[in-house]
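Mind looking over this structure? Questions follow.
Chain IDs A, B, C, D, E and F follow the sequence of writing; residue 1 opens each chain.
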Amino acid sequence: MYGLEAISAQNGWAMAVAGALIVMAGLTVLSLVISQLHKIAAFLEKGAEKRSAKRQAVKTVPKEAVVPKPPAFDIEEAQACLKPLVAELGESFELTNLYELANSGELPHVHLSIRSLRESGVIVPAGDGRFVWRD
Amino acid sequence: MYGLEAISAQNGWAMAVAGALIVMAGLTVLSLVISQLHKIAAFLEKGAEKRSAKRQAVKTVPKEAVVPKPPAFDIEEAQACLKPLVAELGESFELTNLYELANSGELPHVHLSIRSLRESGVIVPAGDGRFVWRD
Amino acid sequence: MYGLEAISAQNGWAMAVAGALIVMAGLTVLSLVISQLHKIAAFLEKGAEKRSAKRQAVKTVPKEAVVPKPPAFDIEEAQACLKPLVAELGESFELTNLYELANSGELPHVHLSIRSLRESGVIVPAGDGRFVWRD
Amino acid sequence: MDLLIQFLTNTGYYLLDFRNVIMLLVGSLFLYLAIAKEYEPLLLLPIGFGVLVGNIPFFKGFGLGIYEPNSVLHYLYFGVTTGVYPSIVFLGLGAMTDFSSLLAMPRLMLLGAAAQMGIYFTLISALALGFLPKEAASIAIIGGADGPTSIFLTAKLAPHLIGPIAIAAYSYMALIPIIQPPIMRLLTTQKERRIHMPDMRDVSRTEKLLFPAAGLILCCFLAPASIPLLGPFFFGNLMKESGVVDRLAQTARTAIIDTATIFLGFTVGASTQADVFLTPKAVGIFFLGAIAFSLATASGVLFGKIMNLFMKQKINPLLGAAGVSAVPGSAREVNMMGLKSDPNNFLLMPAMACNASGVIGSAICAGILWSFLV
Amino acid sequence: MDLLIQFLTNTGYYLLDFRNVIMLLVGSLFLYLAIAKEYEPLLLLPIGFGVLVGNIPFFKGFGLGIYEPNSVLHYLYFGVTTGVYPSIVFLGLGAMTDFSSLLAMPRLMLLGAAAQMGIYFTLISALALGFLPKEAASIAIIGGADGPTSIFLTAKLAPHLIGPIAIAAYSYMALIPIIQPPIMRLLTTQKERRIHMPDMRDVSRTEKLLFPAAGLILCCFLAPASIPLLGPFFFGNLMKESGVVDRLAQTARTAIIDTATIFLGFTVGASTQADVFLTPKAVGIFFLGAIAFSLATASGVLFGKIMNLFMKQKINPLLGAAGVSAVPGSAREVNMMGLKSDPNNFLLMPAMACNASGVIGSAICAGILWSFLV
Amino acid sequence: MDLLIQFLTNTGYYLLDFRNVIMLLVGSLFLYLAIAKEYEPLLLLPIGFGVLVGNIPFFKGFGLGIYEPNSVLHYLYFGVTTGVYPSIVFLGLGAMTDFSSLLAMPRLMLLGAAAQMGIYFTLISALALGFLPKEAASIAIIGGADGPTSIFLTAKLAPHLIGPIAIAAYSYMALIPIIQPPIMRLLTTQKERRIHMPDMRDVSRTEKLLFPAAGLILCCFLAPASIPLLGPFFFGNLMKESGVVDRLAQTARTAIIDTATIFLGFTVGASTQADVFLTPKAVGIFFLGAIAFSLATASGVLFGKIMNLFMKQKINPLLGAAGVSAVPGSAREVNMMGLKSDPNNFLLMPAMACNASGVIGSAICAGILWSFLV
């Protein structure tokens, strides 16, 4: 069966029109919703700021506890905290990865620790931007 | 069944001789063909040069169109062209990858663009040879 | 069925007690064995040293054979030896990887070779800590 | 020795017939386009080589051919016939796609929708040429200009056509630089092509985080049958944007999608075994595929012009051509033509937005057609 | 047009029922915890999005749902029901885990064993609540605080509960920072929390090489049913420590485990289809899960105190809480509380040791329960 | 308590029999060779640990053993029995192999062919020892010195022998440094060993691009049954050389081949379950395997000497020993011996060429034997 006959026999017109309508409708709705997303976003972010403010307050507790220590000690702590993370990163690792991991791990003053570890030669460059852990 | 008896019963001699002949024949033919490949290669390359010459001609059109622009603008263009590519490369990327991608994308004067983006601080080093996109 | 009735009907007490005993027993044994591992280790290492001593002796043969050669030639050799390894590492590679591979390949004086190749511009930096092979 | 004879009568040399030769040439052509012309090499190279492998003549019933159970190719092809590879490819695509330009200009999404009209025109044409409804739908989806989507729908509706439809879809995607420009030039005035698009506003992280969830709910509530494609797609995108699972997003956009791409292309290519592939239907499919692409491009562009009748802030109708996804080929063409008409007219970013919505659009259409016809 | 009507009656909007809404909210909550709170994002994000995907209402018998054969989700879910994903995850975990602190302080392993008591208390409680033995065992393993282990055992004993048990296990793992601290504070005195652990001795490479083999033999000889988990686990660890197959170890701890994690989380999430998931049993499971975690923590801590009665070199009982693996959450909590009680008291390393032995411990328990009940 | 009794009677300790002990020692030996001696660690370490895992005694009919359906190991082993892993490994090998030295000196390919004669001598010997034809062919292919090829052919012809044959093949590949040198020394004069090979000419990119296609057509037209191995092999090589799909080639030679290698080795190791493995046949297989390797080496070297009778530009017959692929072990040995005989005689590059042709050669032989015997 061919031509118009086949089309209507197979319900072609209906499928074409319905299909076209549905996809147009769907994406129109989606684009409308998207165009409003920034409002929802703004609303949510307000809430988030409040909470993060609170969280800061909480976080400071351990931080303060560790700050007054002399740098000498600082290194032992940093080692204790970071070594397992380093283990996860494999034999050699990029500092950025270590930073990410350490931050996600909510460890106290990550950058300070890592710097001190580099200064004290615990983390040593392995060439081409990668580092290894020596202790 | 063992020994010569087994071998001939299982048609072993035939298999061994035939198999040996076939593999020798096959690899001999292959090595002969390989030894002639450089001729075919040379032939094809000639053709390729012609075409690439043509293509150059075509390519120059957009290039010329963009060259006269002032560097200041150049950056906006570069950003517009490269941002989506950078998106493909993920949060942080190596410049080489960006070059590859951009070239494959047939974007105009890639190296110039990327350099200007680095100078204007859109592409900033993330340490250990990787870069991130800031705008 | 609920409560104590269900538990005893289902043989729950037995499972709980037996299970608890088994896992405690198992990990206790494991921890005891672990606490003795260093002795076995020490024992094995003694053996290893002896052997490695022997192996050194063997290794020196090819080394000595190659040392007296003039640097000029050294490079050709290095190229001959390293190119296939480089091929395995793909278009661009990190030197550390090349070192590993080359060492595992038991090639003579790897570091020397690679350095000479860099000096003679066979291995050239591709930016961000990676290198490519030119010849 | 009759063993030798028997072996030789099973060699490809002996079993070769002219249809294999044709397909071997097709495969070589794909490889040439991929390597020398660099047309969509990530797609054409695996497919092209697959075509070679699939068309080496072999003795049937031996467990070698892709259509023989327990052949290695058959096991690898399983990911195609079940639709698993396309889903995985969409996972990786999602982890690669940056929706910020679409979020900044939501109305560009309509162009992505409009370009899908090509699908329905093709559906009707295919029916008119006497294809069965399920075949017609699978052919029509070629107009979506989206390889994995076409393969997915065909695997569900008309598995026997996977080969021809995939080849047609990918061929025309590679030929975008030849198909689209004339149509774009024909349907737009120089003045329209010169229209500049405004700069994009910045999009906040939260918006990017809300989009995948919103997109999933809205699209899949409307057309649940598009879940297998859009579910992984938005999942991948959320992994990318969340920033808390970078290692997963990284693997999704490298190892995972690469592996799926390799085996998808290779086995789809190998599925073009001459005796299965070279049928009159294949010719019809190629003919309709060309129509599908052209109509899709045209409807995108025309819809852009229509929108301009109603909106005060005009959009560049060329962008309509980028609605036919064919990522990223069409966006590149649009950008090129924009630059030709006015060297300062950069359309790449908005064009990528249309691409993105075109991908979503054709995935929805696949869902619609599937649920119409099952 | 009745075609349109028929389509609309198959849309999610039409088929939506309140249970889907509940699950969609659950999924969103998971995503919120993963992204905003960064609680175990590697687990919660894939599961959370999977929950959304699995709870889009769709017309059954269409080949879409995860429980319908030949749906894409069903094929991906195969790795869960067969237990293949958990094994692969353990392969990667092994290639990531550093046992040196455990090797330096073997007796910390006892804490990992003690924390498993929670499993058996929960087993009894579950039976008391009227669960069938196989269900009770699957619920009890939640006390192991080890996602893949729970999923593996449940897949073998009570596949119909995979969804609820996995969700419960992962929820409580994410809530470790809320569940554990109070219990730890309740059961320990300030003085105990202040106990410092000695520095670790160095561990030789040979020891690290012998451990995987010894561990495999001892654990799997005792409970052969834990082979599917501990076999790959120790294999991965040997690849890591040997140093002679770095490329394999590297792939195992990146591409392989990431892929398994993505598909495991996504499909487990999708398996929480409302009509299958929201049953009275699910409520019981969540209730028991909370008990399991609390009891596990408690028994770990208490056992630490008991050990101190017999050993002259005291250990810090907080470490007991790290025996419930839940890598690395619990170790972090222990370290935090150690620091709070005494800013110089660093317990992270020994806590990681307890974590490691907790993983082994619950894998053995899974083996034990499996062989009890098959 | 009888529950406890019953459990204990299912422990490995209770079920242990001496054959398990033997296999555990074999596994440990493999691990020792891999780690301490660094003999082919990428192969021996996974296999060695797999042997340990596979030989932990367990209660049958429980869903644990690799030969029990629905065990995890069984699902992972599926890639071996179907031949999918070997194909995937060949894909990665192709993406790693550099054929330029072979392209520069095509006649080295004949040495790769000659070394395959070992296969056919072994075939006859195996038949003489009373092995059935399909078994004999699977054993003979050990002479190809190519793990994946041996496993593939055995999976197709004599699946019950996969374990012994794989173990034999990999053992002897690891022992190449012990097997080959004496044979090479015996069959060559100091003068022959001193022959220098000319420097390689440069090979153009186009040649490298034409080779995979030419190789595929010529080899697979001759022996279509080698498609499953050589198809992916040349496909991988084209991805590598084309330079337009680097991301795919990169994934193929890292994540993809590593994953296949891990699971191939691990499950093949685990398939050596004592009761299945320790049979009189295994002894015969090991005996014949040694013969196969020696004969392959010998025929390669001798053919090199024969070629020198007819060619004016002499080649170093040691290269013949590199024709038995065993990548890259044999090439290393040849290079070593070349250096010993003359410190300036570097044979690594030509030896790698012979290796490459040896891989192709034994894949073709696998195809030939398969089509002889099915």
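Here is the rule we use: a residue touches a chain if its C-beta (ideal position, glycine included) is under 8 Å from a C-beta of that chain, and two chains touch if they have at least 3 such contacts.
Model, not experiment: these values are computed from the prediction.
Compute the shortest path length in steps from subunit B to subunit D over the network of touching chains.
The distance in steps between these two chains is 1.
For copies subunit D and subunit E, work out whether under half or over half of the interface numbers are shared, and give different or same accordingly.
different
With chain centres set to the mean of the C-alpha atoms, which chain is at the far end from subunit C?
Between subunit C and the rest, the longest centre separation is with D.
Among C-E, C-F or A-D, whose interface repeats B-D's (more than half the contact pairs identical)?
Comparing residue numbers across C-E, C-F or A-D, the repeat of B-D turns out to be C-F.
Farthest chain from subunit A, comparing Cα centres?
F
Approximately how many whole Å separate the CA-defined centres of subunit A and subunit F?
44
Would you kindly tell me how far, in whole Å, the mean C-alpha position of subunit F lies from that of subunit D?
39
Report, in whole Å, the distance between the mean C-alpha point of subunit B and the mean C-alpha point of subunit F.
30
So which stretches of subunit F touch two or more other chains?
In subunit F, 3, 7, 38, 222-223, 244, 246, 250, 254-255, 368, 372 touch at least two other chains.
Quick check: what residues of subunit A touch more than one other chain, meaning two or more?
In subunit A, 11, 15, 17-18, 22, 104, 128-130 touch at least two other chains.
Quick check on the complex: what are the subunit B residues that touch subunit F?
Within the complex, subunit B touches subunit F at residues 1-4, 6-7, 10-13, 15-20, 22-35, 37-38, 40-42, 44-45, 48, 100, 104.
Can you name the residues of subunit A that touch subunit E in the complex?
Where subunit A meets subunit E, its residues are 11, 14-15, 17-18, 21-22, 48, 51, 61-62, 65-66, 69, 73, 76-77, 80-81, 83-84, 87-88, 90-91, 104-106, 108.
Hey, which residues of subunit E end up touching subunit A in the complex?
It comes out as residues 1, 3-4, 7, 36, 38, 96-98, 240, 243, 246, 249-250, 253, 328, 331-332, 335-336, 339-340, 343-344, 346, 348-349, 352.
Applying the document's contact rule, which stretches of subunit D touch subunit A when the two form their complex?
It comes out as residues 102-103, 106-107, 109-110, 112-114, 116-117, 119-121, 123-124, 127-130, 132-133, 136-137, 203-204, 206-207, 210-211, 214-215, 218-219, 222-223, 244, 246, 357, 360-361, 364-365, 368-369, 372.
So in the complex, which bits of subunit F are touching subunit D?
82-84, 87, 91, 156, 209, 212-213, 216-217, 220-225, 227-228, 231-232, 234-235, 238-239, 242, 244-245, 247-248, 250-252, 254-256, 368, 371-372, 374
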